[in-house]
Amino acid sequence: MKTKISISKSITSLLLLILINTGVVYAQTSTDISHEDALKAVLAAKEKAEQLDVLVNIAVVDAGANLKAFIRMDDSFLGSIDVAIKKAKTSRYFDINTGDLGKLTQPGGIIYNIELSNDGLVTFPGGVPIKNENGKIIGAIGVSGGTIEQDHDIASVGANAIIE
Amino acid sequence: MKTKISISKSITSLLLLILINTGVVYAQTSTDISHEDALKAVLAAKEKAEQLDVLVNIAVVDAGANLKAFIRMDDSFLGSIDVAIKKAKTSRYFDINTGDLGKLTQPGGIIYNIELSNDGLVTFPGGVPIKNENGKIIGAIGVSGGTIEQDHDIASVGANAIIE
Amino acid sequence: MKTKISISKSITSLLLLILINTGVVYAQTSTDISHEDALKAVLAAKEKAEQLDVLVNIAVVDAGANLKAFIRMDDSFLGSIDVAIKKAKTSRYFDINTGDLGKLTQPGGIIYNIELSNDGLVTFPGGVPIKNENGKIIGAIGVSGGTIEQDHDIASVGANAIIE
Amino acid sequence: MKTKISISKSITSLLLLILINTGVVYAQTSTDISHEDALKAVLAAKEKAEQLDVLVNIAVVDAGANLKAFIRMDDSFLGSIDVAIKKAKTSRYFDINTGDLGKLTQPGGIIYNIELSNDGLVTFPGGVPIKNENGKIIGAIGVSGGTIEQDHDIASVGANAIIE
């Protein structure tokens, strides 16, 4: 959405304040992640990965679970390309941290082997929903390449980056 | 990995020999695109798309034709996600602009229906090999969402961005 | 990788420039298996299989996890064609012996059901990374047809053959 | 089929000679290519490619159209892995040179778009049936990476290598 505003300087600030507080015209009310935010999430996650000294693949999907942004760090696992994307998709498919889903998919679990649906889910940690300031899920991020704890932490940093 | 070397004249030649044999200083011989360059190519292509006022998906694959970086502009075609990725892969699979390949795949063409191989190729314009300063192909970029001329131009800008 | 070199001697810089520009000495930095080495690995593995009196399929993938060489021994399992290739790919996808990966993918394991990613992984023994003399992974070998212990041993012989 | 032979000793030797020359009763009448012959075909094709100074992928399938041997020359097209394998399979699926099949699959052709069957056929030149000394088809070879004329010539050299 593009907004073109041309008004006298004196009332602009006031108007702007009202608009922000009512949330009428602004990005933060979007229910789909923008590519700018997707990129911001990817880069924040990458920075976190560099701090942890771990090589990862990072994928962001939008509200429709379609790929929005992706980056693979040099020398990270080739197999993590697909795992990162599947983590992001899985997280958005069911609006859940992938690790939480995995607790239910084990033998005897209530959704045993759901991984076989949707052309393959990934249900261990590293996929995290992305929410806007209002708590609305607008996409998801998936990270693969480190330990499952690292992947989850990196994904969380990415998810949080767009509301900070 | 960062290496900082500061040494006296007398042992330089010897050191050089050691470096050659241990392979420490060869970064510039890399024949695979880095994620920094992949991101640079994606962002340069995106900037070009914005100048042309067209919404596209942009994918970069590495020397092994594996996804390295991706971004989808807001409101661009959902169907272009896969087309952009397949253009990038096709370009690297055969080290060619996808549009040039397409001239050979038409009915009566010498490689008619090659699109059915490799899990689906895309052989119209928008995929361009990425070369390093020495002309060595190190990856490829695929763009989808505009006209085929726009897609090709945007991809070319992305491919050239890393050697400018 | 970033390299910062600070050397006093004028002749050295010149030499270095020549080396960089001619690219003469950089062949050994190749990080991808050659077809000669891939064939050597396959034939060494086949010889080992004959010694063990077991019929196997043997696949070698390159650094990009793309098929480089393959042979199927007479009367070996037809189903082992795909298993051998997937073992090689899995090993390179995650730079690991496939059997070691399999320890983590069991029910309750930290990466349960990861086999469903990447169009199907194989996570029992028989896939082994191939390294060059410097320990850099340049590909992988996958063997299928014998017991998992035999498959692993045969793959290891193949992987080691190129550095002996 | 059972054959009961009861004849005087004097003509047995003569009969045996005839049988040998017609190839009726012997091991070399195998109707499936051995891995030794598959490898021989691959290496003969590779040698021909080197003479022509062209980089190709070479695949051999057996009588069951299952992959038997494969090699990818360094720096040959990544996309030719699948094309070479599909050429070999296509050739054996229909016991025909792939180029001959392609004449029938064009728009208006009698088997238009048959390429969509069998998970993807390749119907331009480069796939050639492999026959034993008796003219029985025992497999096929597929070559991809050069011009279609080169691919066909290289494949033919490989196919002929096992009966020379």
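We call the chains A, B, C and D, going by the order they appear; numbering starts again at 1 in every chain.
Keep in mind that, in the parts below, a residue touches a chain if its C-beta (ideal position, glycine included) is under 8 Å from a C-beta of that chain, and two chains touch if they have at least 3 such contacts.
What you see is a predicted model; the values in this text were computed from it and never measured.
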item	value
Same vs different contact residues, subunit B with subunit D, by half of numbers used	different
Maximum centroid distance from subunit B, chain identifier (CA atoms)	D
Inter-centroid spacing, subunit D versus subunit C (mean Cα positions, whole Å)	28
Subunit B and subunit D, separation of their C-alpha mean positions in angstrom	36
Subunit A and subunit D, separation of their C-alpha mean positions in angstrom	50
Separation of mean Cα positions, subunit C and subunit B [Å, integer]	25
Residue numbers of subunit A (touch at least two other chains)	78
Every chain pair meeting the contact rule	A-B, A-C, B-C, B-D, C-D
Touch list for subunit B against partner subunit C, complex	1-9, 12-13, 16, 20, 22-30, 32, 62-66, 134
Touch list for subunit D against partner subunit C, complex	32, 34-35, 38-39, 62, 64, 66-74, 78, 81
Partner subunit B, residues of subunit D touching it in the complex	77-80, 82-83, 86, 102, 105-107, 113, 115-116, 120-124, 147-148
Interface residues, subunit C side, partner subunit A - complex	64-65, 90, 92-95, 107-108, 110-114, 116-119, 121
